Every structure is written in structure tokens, then in C-alpha cells.
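Structures follow.
In the two complexes below, chain A is the common chain; its partner is chain B in one and chain C in the other.
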Partner chain A sequence: MAALKRTLLNDEGQIQVRFVTKQEKYALPEAPFSIPSGIKADSLSVLVNNLLRETHESGWDEVDFDFLVCGEFVRLPLIEHLKLKDINTEVTVEVEYLERFPAPEPEDSLNHDDWVSASHCFKDWILTGCYDNTLHIWKTDGTHKSTIPGHCGPIKGVRWIEVTGSTATFASVSHDQTVMLWKMNLETYAIECVHIGRGHERSIECVDVDKNSSFLATGGWDNMLKIWSATSDSNSTNEIDDGEKEKGCSIGSGKSLRRTPLMTLPGHKEAISSVVWTENNEIFSSSWDHTIKLWDAELGGLKSEIVGNKSFFCISRSPLNQTLITASADRHIRLYDARSQEGSIVKATFTSHVGWVSTVCWSTTHERLFVSGGHDNILKLWDSRSPKAPLYDMTGHEGKILCADWSNPSIIISGATDNTLKIFKSEV
Partner chain B sequence: MATASKSSKRRLEIVENNENSAEVDDIIEAQVSDNADDSTDEESSEYSGLEDDEEDDSDDEEDNSDWEEGSDEDEEEGDEVHNMSTNEDSEDDTADDKVVPTAVPITQDGPSTSTAQLPAPPVEDEYAYDSSDEEDLRNTVGNIPMNWYDDYPHIGYDLEGKAILKPKRGDEIDNFLRKMENPESWRTVYDPQTGQDVILSNEDVDLIKNVMGSRIPDGSYNPYEPWVDWFTNEVMETPVTGRPEHKRSFIPSRVEAIKVGRMVHAIKMGWIKPRVAKDTSVERHKYYLLWNADDKSEDVRRIENPIPAPKPRLPGHAESYNPPPEYTFSEREINQWNRLAETPYQRKFPFIPKRFSSLRAVPAYDRFARERFVRCLDLYLCPRAKKMRLTIQPEDLVPQLPKPRDLQPFPTVCSMIFKGHKGLVRTISHDPSGQFFISGSDDQTLKVWEIATGRCFKTFEVKGTVRCVSWCPNASIALVAAAVDNNVYLINPGVGDRLVQAKTDEILKEMPAQTDYLIPQRVRAVLTWNEPDKAQWDSGFRVTLTHFKAVKHVAWHSKGDYFSSVMPEGDNRSVLIHQLSRRRSQLPFSKSKGLVQCTLFHPLRPYLFVATQRHVRVYNLLKQELTKKLMTGAKWISSIAVHPGGDNILVGTHDRRLCWFDLDLSTKPYQALRHHGQGIRAVAYHKRYPLFASGSDDCSAIVSHGMVYNDLLKNPTIVPLKKLRGHAKFDDFGVFDVLFHPTQPWLFTSGADATIRLYT
Partner chain C sequence: MSDNEIVLNYHNSLLRKSDVDLLRNPHWLNDRLIGFWFEYLENSLLDESVCLVCPEVSQFIKLGELSETSAFVDPLNLHSRSLVLLPVNDSVLLDHPGGSHWSLLVYDCFAKKYYHFDSLIGSNLNHAKKIAYNLNLSNKIVEVRCTQQQNSFDCGVFVCCNAENVMKHCSVNKGELKSVSPLSIDVFKNQRNHMLQVISTLSCNC
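And then the complex of A and B:
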């Protein structure tokens, strides 16, 4: 300690830093330290641990820390990081430390019969959509609960709508141009198709549900954004004798409940790849035509638009910090702030993937964490303060990752073309 | 008095002149004519002395001339006498006459004779000695080497032209004896002019001694005489005399004015001619600097920018008088040297190196004059000015093309590989929306792929090699035309809009009634429209067109009702145009135009492009006539593509060339690109972006920027952007087909390695 606390020692290889933290339990006395300039994050972590051990008499368990300088994680030697940020090394540098987000651990691999193209997690229920036209319901512990045939095209999107008591409702969209609303008894696993939404003229790519679980938004290759009712009661359904029933799509009984969209929002020029329903009753939709459009779900009008220069494959919006991250037809993940009035300015670019990024998903509990999966078979966990390198690479997939979800804060799931859904445990 | 003295002086001069030259008259005349302009003090004094009229002058001249004539004769006599005496002197008085300077004959005898004849002795004092440096020339041969007269008995000619005979010298012994005997021999010198011995006087000897001792020759001169400062150089307070200057020192002289006036009058009257001033500005020979620069004077240039003279080649070992043996010529080298006699500049050396035992043995260099001359030529012809050479690099001549970086977006990296085929993938085609594409392969399958994920959605089994697939460009019909061996299958791919699929099936279910239409015999022999059986229908086949020869290419019209099929071996029936809605076909050409490679419909107007082996013919389908014939200059066209605007077409050839034709410009290629290492298999335009691509057997595809402007005056900009590699070679085949995504700047390439790659 005394050796470290050599203040005013202006050796060339030394930088004066002051350690600060926002986490009370790791607080250190506020005194500047002189440390070697070439120090790296792990050495800093050891150093802070040593300091904490000295302040805490009653033993200290080793904690991994991450260090923030100027709002960005230290991934390089400290001096290079400072140079990159253009910070004067002559004055005392404030280094914020925080407990490192623990590494997610691979927990389970759920095998499917075909590519896993859609997944959604709700509490401990996992819903996956598969390219063999089936939906699967799993528990987070890895037990397979149900296989649901019904679609006659590969599933492109699934979404839990609500889980109340013993029944759960969920929606699925598929290449067969339908959105299906399902009801499941959580005890008996009896599954019933409640509605079939027809209206899209081409395959549907994505689905999202609003915060009240009463509406669905879907987008697809017919460039339309459609809003559907998500209620499972039969009041708003128009019972139709299904003359268009197609082979292989027989759902239980002979009659099916057809539903038409409540609203159709044209505007995109190419396929809609992703929709996000915000808590303010707005819809973000991303498209292959290089735009993200913000719609007013109540009025059905276009509110604003973000123009990128690559087609968007996926967007995710954080309810905590209101920003958007996008996956595009290149290897970059871009962060947009939809609230800003300055137009389509990329706030940050996260580059580490080597192939197309196919999916991104914000954490629901951490303001700055998100996951991304790409065609390079790697699922990455990012902190928005570290644009050059992700926090963790989660390997294991042997095919292109098509979907990822972090709706349940404790697990990260990802489906890929290797026919598996991987579950990673993320400590909270 | 003044006149008398002058005239006597003049006479004296004349006498002297007489002695010197024979042409006395000329001199006199010259003096007379000089009178006018000669402003010597004699004449001015003459004028100032007597103020008389002009007649006086003329009298004077007459007097002179009269007198001169007389004196001339006298002189001649005198000269003879004088000559005689000198001769006698030299012979007789050599021994005893002590004071005999070299100029003895003149200084003593000459004047004495002339003075003897002169009537006025008082002037003797004045001219007692001759101060002139002129030598008395007894011998008139001039300043020549006297040994020229060694072989003659005489030694020259005297003033009268008579030979001066050499005095008898005797032989060496005589000379020696004379020298021994004569105590004056040390001061006896031989006068080569006269051939006589002259004994120097004491004064002469002193003179010589002084000269030899670098002293003042005149012994009597005292260089150390006290200095008398007659006129002090100091400016004195008061002048010696305070007398004001006389009036005449500042009034112009009236006498002079009269004199000048008289001369002016004489000039006016032409009596005297003023000497024409020599025009010094005009030089007799005008030289000018041949290499003078126009902008700057040569002097300045030489200082600022000197150009050294070319250096002569330094002699090497071969020039040595004793060159090492390797420099001396062998037999063969000598032969070669001789052989190059006609072209000496090609010789190794301009001479044959020879060895000599010593430098003394080296003969005169026979090429010396020649080499000096050449060297002079070198100097004479060497450049005097540095020429500013325009350094034009070949790159500067290439037009400025925009950088590829500024032309984004264009495909750069391979993003996805579609694997699944087991044979060469010959052909690919996308659906109108860009969600799917179909590929046809040698493994006798057609596969429909989802672009976003790389998923193979459907596989159609066909019996035969798939040569060409083409997705119907009309989005309201879900149909793919596939050329498989002799058949063209129309297949409903079963992807995309279900409603459209159902509608397509409905249309194709029933063969339209052909009641009033009789299939022409010519068409019937070539082709039959066949309905599929149930199994085929279920697997997607809707219509089969069976041709009589193998079909290599199918192409849709943009409306989706017409399509064409090409049978290269079909001779004059190689091109067929089919109408889907009425199930009719027609053979548009009656004559064979060569091996037809492919046909394409114009995207907007009723034109048909037919690519034969060497040409691309453009037919107007409405007028049914040939509109244009494009000369590719290629041996074998492999593929063509039409720009979505319709005015530009791309032609890929097996001889590695990619030709861009602007139909508005000419029938010759607007630009030909040769970037591929091997033959080009396929070319494609992008529908939206200004991009085009070519795929080749060298396993690469090249993406280029090809901007077509609406402005008719602006030619298309063509910039090669990127060479996309990745395909593996298989059986000498590389890339078979290239295809752009309809909306994104993405490129698909199908290769012989059974893969399809997507570059983004």
C-alpha cells in the first residue's frame, strides 16, 4: 500500500489516477494513486482488490472489476486508451471501476429437427420456432414440453403474449403468410390455435406485442406493417368457414378462426425485418430498404424515420435507455438514438463480428448490456461502453445464429442453423 | 620667316621620305590631299601665320610639286652614291672604324649626303641625329628568314632591285683565324641583312650592357636628378598673378570663325570632301550566336544555368600502347571488325588495339585529325540549352476516374455461401422481390434458396442438365422457366405470394382452346407444348415445351407473357418466341444467322437482342426488321446483359473481353474491358445501382461501376471496382453465372465448385 501510494512520483511510466465507483460496497478512500502507465485492466483489478482487502479487515473475496475511463471500458493498456481518448496524462485521471459482469455460462443445448429461427423466453418458458414449420415449447431447465405443428411454412417469429394463471397465449409468424395466435394450458399442455391472421401477401418476418398484450404488430416481405388484435376471446373474431384451408395446415378441428389485420401501415419499400413495440404505443420497424420507421400505433401514421446505409436485419430497443441497436447486412452493430432530433446519426458502432449480424437484443435489466448473434456462429455479449470489443464471446453454435433473446434476465437463448437452441446462464 | 622655315622643313621630310620609299609622288599627293583635314599644328600655324587668300595655297602646292619633281631626280643619284659608299664601308672599314653602329650608313652617311645637297644648312642642328626608330633598309627582302638565301649567291635586293651579293666569308678556318687575329672580334657581329660583319662601338656595347643588366639603356641618363617642383600642386591662397583672364580667352576667335567658314564653304562647293566617319556599328563580318535563347540572353544563361561541355571518352586499357592480352583482338574479333566496315559505329572500338614494345615504337596516330574533328563536332553540336521536356506519364493520359471508395455501395466481401448442389451450378435467377433465388445445376436439380438465411427451400428434380433458369420478372406470376436438355419447363416455385401461386396455377391448369389457330408446320416440327402429368404437376411443373434440339438459353420479356428459347444447333430455327397466355410459339427468323448464343428482350421497347457468335443483332419486333448489328470484334460471345434503361448492353466473350455498347453511340464497343484472366461466362447489370459484374473462368467476378446518365451528351462512366474471388476451380471452370440482387447492392455468383456465393 505504502509502496503504491507514492504520490507526486512523476516517473515517466507512471500515471496518477483516482479510483471512483458507484457501487457502495466497493468504495475506496479517495486518494490519488500513481500506477504504471502500461497497466491493463486485469492488473488494475488485482490492484483494486488489494486495496479493498486492506480496507476491509474482515476478509475479502476476490471480485473482478472493469474500469471505465471517459465512459469507455479499458481494453488496451491504460496509456494507449488515454491516448486514443486524447486525455492529458499529466493530471490525475479518474478511473471508475465496477464489478465486472459475470461471464454467461452455457447451460443447455436444446435440439430441434431443423433450423431454429425464432425464440422467445417468458419467465421460465421458452418458445421456439423452427424451419420444419413447428413450434416448440420448452422449460428453461431444458425439458421439452410440446411440439406444435400448424404452420405450413418455416416459422420466422414467435412471441409470448401473456401468461396468466394456467393459460398462456403466444403468437407465431411464418413463411406461410399467416400469423397464428395460440393458447396453451400450462398444466395439461393442451394447445389450441385461437386465431389465424391472414392478410400478409408474402412471408411474415417478425412479430411483436404491445405492453398491454392486446395488439400484435407484424411485418414481412410484402413491405406492410400490420397490426392485429392479440386478444384470444372470440368477440373480435370473425368466424369464417375456412375455404382456404390448405393441406398440411390442419389445425385440430375442421374450422379455424380467421382474423384480419386491424390496421395496415404501408410505407416501407422493401421487406420489414423487425418490429418493436414500445411502451409509448409506438412501433419501430426496420426494413431492408435501409430505413427504420417509427409509427404511431394508435393513429397509424408515420412519425419519424432513421435512414441508414445498409439494410437492417434486426433492431432492438432498450426500455431502460430508449436507444436502438441495429443489426445490418454488414458486420457492424449500430446504436441509434431515436429521440434525437439531429437525424440519423449513429451514436456508436460495435464491431467484432466477422459476418453478417442477424440478431440483436437488449438486456431488460442492464441499461448497457446487449447480445448479438451473427453468421459467424458466435453470440456476443456487449456493453455499450465498449465498442471495440465485446464483453464475452459465447461460442458453441456450429451454424449461423438466426435468433437470440434475453427477455428473461437470467438466461440468454440463441437459435441457429445447427438445429440447436443454446441457453446461456447470465448471473444477475 | 615662318613660311621659309616651314617649307624647308617640308622639304626635309620629303627628302627623308624619298630615302625610304620610291613612291614619293604618291606620298606628296597624299600629303596635299590631307591638307584639308589634317589639323596638325603646322598647318594651323601656317594659316595663322599668313592671312592671305586661297591662291596662296594653290601656289604653294604648285611650288611643292615643281620642286618635288626636281628633288626626285637628285635623290636617286644620291641614293646610288650612298649605296656605293656603304658597300665600300662594309668591306673596307670593318677593321679600323671603331664607331660603327648598326645604323651607321644612315645616321652618318645618309643625312650627310642629303644635307650636302640641301641648300639650307641652318637646320642641320635640329636634325643632327635621327630620332626615328626606323631602320635603314638596304635589303628589301623584308623580315624573312635569311637562310632562304643560303643557296643563292646574293642575299637580297637593294632599293633598285639589284641583287646584293654575299660577301666572301671564307671557310671556318679562315673565320677562326680571323677571330684569333682580330682583337675586336668580341665586338664584331654578323649582320644577316647585309651579310657583313659589324664592329660594335663602345656606346653600343654599353648600351647592350645596360639593356642586359636591366638598367636604363642610355648611360648618361641620371635617374636621380634632384626634383624641381616648378609648379606646386598645392592650391595657394592667392594666385601668383591676379590678372583677370583676357577677353579673347572667352570670345570665340574671329580668325577661327573665318577659317571654319572657309572650310564650310569649300565643303559646300565640293572642293574638299570631309572624311566619311567609319561606321563602326556595321562590322565587316557579322556573326551571331546560333543557339541564342529567345527568352533570356545567352550571357545570363551561361551564368545561371551552365551546361558543361560533353566529356570526351577517357582512354581505357585498350588505348594503352601495351594493352593486356584480353584487349587485343583475336582472329574472330578482327574478322568482325572488318565485317563492320560499312557501319563503323557498331564496332567495339574505333581502332584495333595494338601492342608495342615501348612508347618510342608507337607510330603517329592516324586517326588523330579525324578524332579531333569529331570532338569539335561534339562540342559544336552539343546542346546549348536545356530543353524543358514535358514529362507525361502514361497514367496522366488516363482520364480521371473517381475512386472506388467514393462509389460505394458495391459488393466487397463474401457474406454467405449457399451449399447444397452436387454439380456445377450453371445458372441462377432471382425472384422479383429479392427474397429468393433459384439455381440450376448439373446434378439435375433446381434449388430455390432464401437469400437472408441461405436456406434451400425447395429442390426440383429434373432429368437432365439445367442449362438456364429464368424467374418470370412479372411479380403477379410465380413461374420459373428452366432449360433442361431439349425441354423448357415452366415451374411454379411454390414460394412467395400464395395468392399469386394459386392464380398462376389456375391460369396454367387449362390449355387455352386453340380453335381458330392452326400451328404452323414449321413450328410444329420444332416444338410441342406438353401438359404435365399429375405427379409432375404436384411437384411444381406446369408446362413443358419440348424442342427438337437442346435448349441453351431462355429469357423472359419484362411483362412476363413472352419468353424466348434458344437452340444453338437449331440452325435457322434456333430462336423461338413463346407466348404463355395463348400457348403459341413462333420462329421469328427464317434464315440462319450463325450460332445463336442467347437472346434478350429489351426491358422497355419491343426489341430483341440476339447474340450470335460474333455479333449482337437488334431486331425490332413490331416492324420485324433488323435495327442494328453490333460488332463486338470478339471470336465468341458468351453472354449479354441489357441495362435496365435499355440503351446500353454488356457483352461478355470467351476471349476475355467485356464490351460495353452504347446503342445511341455506335455499333462498336464504347469500352472494352480486359480484366479477366480467362473467358467471361456471364455478365449482369444491377437494376437499381450503377453496377455491373462479370464472372469468368478464372474463378473471379469483377464488379464495376457503370453509371449511365440521362444527359445524352454524357457518356457512361465505367470504373472497375473490385475483383471478387472465392470460387474454386473445377474442370477448368470457374464462375458460371453472376446475378445482382434486385434491390440490394449484392452479387450472387454460381460456380463450378457447386456453390453459390453472395457478396455484399
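And then the complex of A and C:
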């Protein structure tokens, strides 16, 4: 130990630090260390690795560490970081270290014939919605399983509802103002549209399914939030949808059953861009009218509201800590805690995109990680403790990113105006 | 503060108290306010495929000789843009601002058409057509059924709101401007305050 300390002493100023970690396997004795004040994160990582090597006689494999001081990642020379956070450098500074989340790796690029405007992953199934009015089913290994025509307009939202045994059901919403409910045989890939939901008076932008796979919520340009049944059972009182001619395209084969909404919730003053069900039978809806509204899906009423000053394009809710992140008509991603008394107050602002942010999606396994996609063609991976810089930039898209999904913890998918869906492999 | 005093210096826009006062009272918005708002929208979007043309250049395109306008128009590279937004004024004067009505002309490259948003439908169509003809990006112009103004002085406000709505719409859609939802009247009612807040925030950051 003494030898190590000597090599660190030089002409630079010194700071006393104490290394702490929540990751037991990387524990170090908590004795204070004197380190050069200008040290950066990569050198700190080398230092911690050396210390760990000394305590593990049987050998030590290098680990990439990240460092947090006062809740924020150290991205500058330590003394600069401390100055920014206004921390007294005369006393011992606590430095938390943790294993760095590895960079997601580009794995595949799935070509479509037009913009990929919607995508959702469930286990090893990927569902995409395209601007050429078709839906596509893929496997996560990149194989294309089915092209599904049927809609008469670009598809803006897709959702897997349920996959049980050899049947899968999923929903799609479109500019053609319909919500289509589909059933697929997982062995034969036979697909049929079992229900066509009519009721929206303008294009539909978004769809989400509730936690019991029983209900769908949709929103779009008619400013109305609508709730529909998500079950695929045939109800004899439903009429057969005879299809409607729209510019020479007829929706439905005549065998699909028409459905109307179970509930319509007015309130938003401009288009609804995103809907999210909670596990408590509530729905969050985001809108271009600068608000995010929380609705009670059972009673059909408004519970609360977050008011911002930019149009919201997308929201995502963490299943682990229930906070909301938002993509808006500006370059900042904002984090809100709807449960707190001061729900409308932005808890953190994440700035890195150059241009508007179109989509955000929380990790379902890490409570601090999320991805964002923007008009700068870049998909970014963020740790909520680092608002000034993302962990990684995933480049590759040659067009604006329109959708992103991380429902399957092992892959991150993003669709863009370059007609591709890109797949990145992620640590679970 | 005197009327002439500068409130905000923002990129190419200079707003004086006399300009900002037009937002506080029910006055017509002038060239400088619309020009500032267009610049503000352009800087928030940071998308090179979208071009917001300022009122002075738009007027020049309408009235100038075709041989003269190329000097102004060529650098804008309009043929390479996915979306072009032009404020249309009904003034027939070239050398100083005037006129009594503003509307918004939009060119969408996906549809290869112009779309005209006029809050007093029919009023500015001939002026819009003149600009459309001179720019020669398309020979089709669609008069959009948009929200109509309910008073005599908010036309400039409608141009600002419609411009922002068109930009948001086109950022997540491939054109289809004829089916843009008409904005609710509340949006237009809030716009003056919204612009005042933005100006106030920007002038504090200087």
C-alpha cells in the first residue's frame, strides 16, 4: 500500500478520498487515500483495480469501473467535478465505484420498405409497424416471419398483447383511424385480424395494453383517449365489419368483427402522442398540449396532471421506481415523479441530443437506465445519475429515430426514417 | 424603458420594447416578431431539412423580379429541404413593412405540394400563389381547412401557432398536411403569453 501511495504523490494537489461501493464483490477497506486532484475516471478505475488485485492473491481480472461523487458520474478531472458540485476538498471525499454497464453492441439491421414508425419486443418476437401500411413479425435473430397487410394508412403504434401456448395476439393502430387486433398461430404463422376498432375520428398515434392483457388504450389526433377490450374472443353480438372503402383500399376481409370503444376520455386540447398503463388500472397520456394526464381507467376520470411548457412526444414509466421520463419538442429529456406532491416539477433534465427527442424507453431491469432516440439519428443509453452526458451513443441510423423499445432486457431496438429497425445487444 | 430600447438580441433578430408591446396588447404582430419566432423555432428544431423563411425575404420573393430573387433564394437551397415555411403578407410594398393580413404558406416535399393556412380563409390566397409561383417548387396549392380567427388582429398569432404545429406534425409524420388537425382556439389564446415568456427567458440568459 505504501509503495502505491508514493508513486501517486507528485507536484499536483492531492485530495483525500474514501472508496465505497454497493457491490459486495468489489469491496475494499475503507481507509482514506490520497490521490492527485486532476485524476480522471479511467485512472481511478486503474487504481481501484490495482487495489483489488492486491487483496486477491489468486489473481484479478480487470473490471471497468465508473465513479459517482455526490450522486453524479465523474466525467471531468476530479477537482473540476468537485468544484462544479461545490464540494469542500479539504475533507475526505466519498467516491462510490460500480462496475460500468457495458456498451450495447450493434447486432442487426432489419430492412423495411418505408419508415419504421412503431416497434415492440416480447421475448424473442419483434413486431414492427411501417409507413407503407404493413406490419411485420420478426425473430430477434433477424429472421423475417411475416408481412401483414390490412391497414390503409401508416402504422403508428404496435403492441404485443399475449403469447400463450401456440397463439399470439397483438394490436396495431394507424392513420386510417382504426385499432386492429390480430391473432397469430406461432407454428404456422397463420394470421387473422379478429377485430377492427372504430371510433377515433382522426389518425391514431399510440397504443398500450394493460398489465392483465385485457384492455387497450389509444390516443391520437382527435385528442380523445379511448379504452378498448383487448380480448380476442368472438362475441356474437358484435357485427361483422364489412370494411370501408378508403381511396380504393378496403379494410378487413369481411370476417373481422367490429368493436367500439368501452370508454372515451376527453380532456386533452391537442394530439395525444403516447399512452402508458400502470399496474393500478391507471393510464398516463402525454400530449402536444404540454400536459401529461393521469386517468383512472375504472371510473373514467382525470386523477392528476403534469404541466410542462413544450409538447410531449413520448413518455415512459419505469416499472421499478414508477418515475416518468419524457421526450419533447426540444432537445431535453425530463424526469418527473408523478407520485410526489410536486409532480409538475422536473426532477432531472438530460441534455445531449442535438435536435428534438422523439422517443424514450426505461429499462425493465435496471432502475436507472433508459434509452432515448432523436432527430439527430442517435440512440442514447443514459444512467439517470448522469444528466449531462449519456453512457453511450449508439450510432448507425441514417434517419430520424421514430421509435425505440427495451421491453426485452437483452436487446434494444430502434426504428427510423432510414427504413430500418436496428437491434443492439444489451447486458441484461 | 423607452420604446426604442432593445429587449432581446437573438441571433439575427433584434426586438425592441415597441415590438414586444405588440404582444401585450391586442395589436397585429409585426415583421420583427414573426421573424424572431421563426428563428426561435428553427433554432429549437436544429433540423437542416426544415427551412423557415423570414417575412422580409418572403415578401421579396413575392414582389421582386425573378432575376433578382435568385440571389436571396438560391442560398436557402429550398429544393433540398423537406419542409419550407413562408409567412405571407398582403402588402404590395417592397421597401417597407405594411399590409393588413398574415397567413402561412408551407411547401411539403413528400406531397410535392404547397399548403396554405389562412385564418381568414380566401383572403391571402392570391398573395400565397404569387410566392408559390415564383419559387416554382410545385404547381399545386391546397387551401387547408384550419381554425379561423375570431377577431381582427390575431392573424400573426395564427401564423406563429400554425408554423409550430406544422413543424411538430412533420417531425413525426411524412407530410399529410391536409389532414393536420385544426388547433383548438385555446392554443391561439395562449400564444401571446407564451411568446412573452420565451422572450423573457431568453433575455435573462443574455
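By our rule, the second predicted complex is superposed on the first by the 403 of 428 C-alpha atoms of A that agree within 3 Å, B and C clash if a C-alpha of one lies under 4 Å from a C-alpha of the other, contacts with A are read in each partner's own complex, and residues count from 1 in each chain.
Everything that follows uses one rule, which is that a residue touches a chain if its C-beta (ideal position, glycine included) is under 8 Å from a C-beta of that chain, and two chains touch if they have at least 3 such contacts.
Small disclaimer: the values here were computed from a predicted structure and weren't measured.
Undergrad: For the combined arrangement obtained by superposing on chain A, do chain B and chain C clash, or do they fit?
TA: Overlaying the two structures gives a clash between chain B and chain C.
Undergrad: Touch check for A:I87: first (chain B), second (chain C), both, or neither?
TA: After superposition on chain A, A:I87 lies in contact with neither partner.
Undergrad: Let me test your reading of the model: by the given contact rule, A:V163 touches which partner, first (chain B), second (chain C), both or neither?
TA: A:V163: touches no partner chain.
Undergrad: A:W115 contacts which: chain B (first), chain C (second), both, neither?
TA: A:W115 sits against chain B and chain C alike.
Undergrad: Once the shared chain is lined up, is A:D176 touching chain B (first), chain C (second), both, or neither of them?
TA: In the superposition, A:D176 contacts chain B only.
Undergrad: Shared contact residues on chain A for chain B and chain C?
TA: 115, 131, 154, 175, 202-203, 221-222, 270-271, 273, 288-289, 309, 311, 313, 329-330, 355-356, 358, 375, 400, 402
Undergrad: Name, in rising order, each residue of chain A that touches chain B in their complex.
TA: Those residues of chain A that touch chain B are 115, 117, 131, 154, 175-177, 201-203, 221-222, 270-271, 273, 288-289, 309-311, 313, 329-330, 355-356, 358, 375, 400, 402, 417.
Undergrad: Touching chain C in the complex: which residues of chain A?
TA: The touching residues are 115, 131, 154, 175, 202-203, 205, 221-223, 269-271, 273, 288-289, 309, 311, 313, 329-331, 354-356, 358, 375-376, 400, 402.
Undergrad: Contact residues on chain C for chain A in the complex?
TA: 44-47, 164-165, 168, 171-174, 176, 179, 181, 183-184, 186-187, 194, 197
Undergrad: Within the complex, which stretch of chain B touches chain A?
TA: 409, 415-416, 433-435, 452-455, 495-499, 743-744, 746, 760
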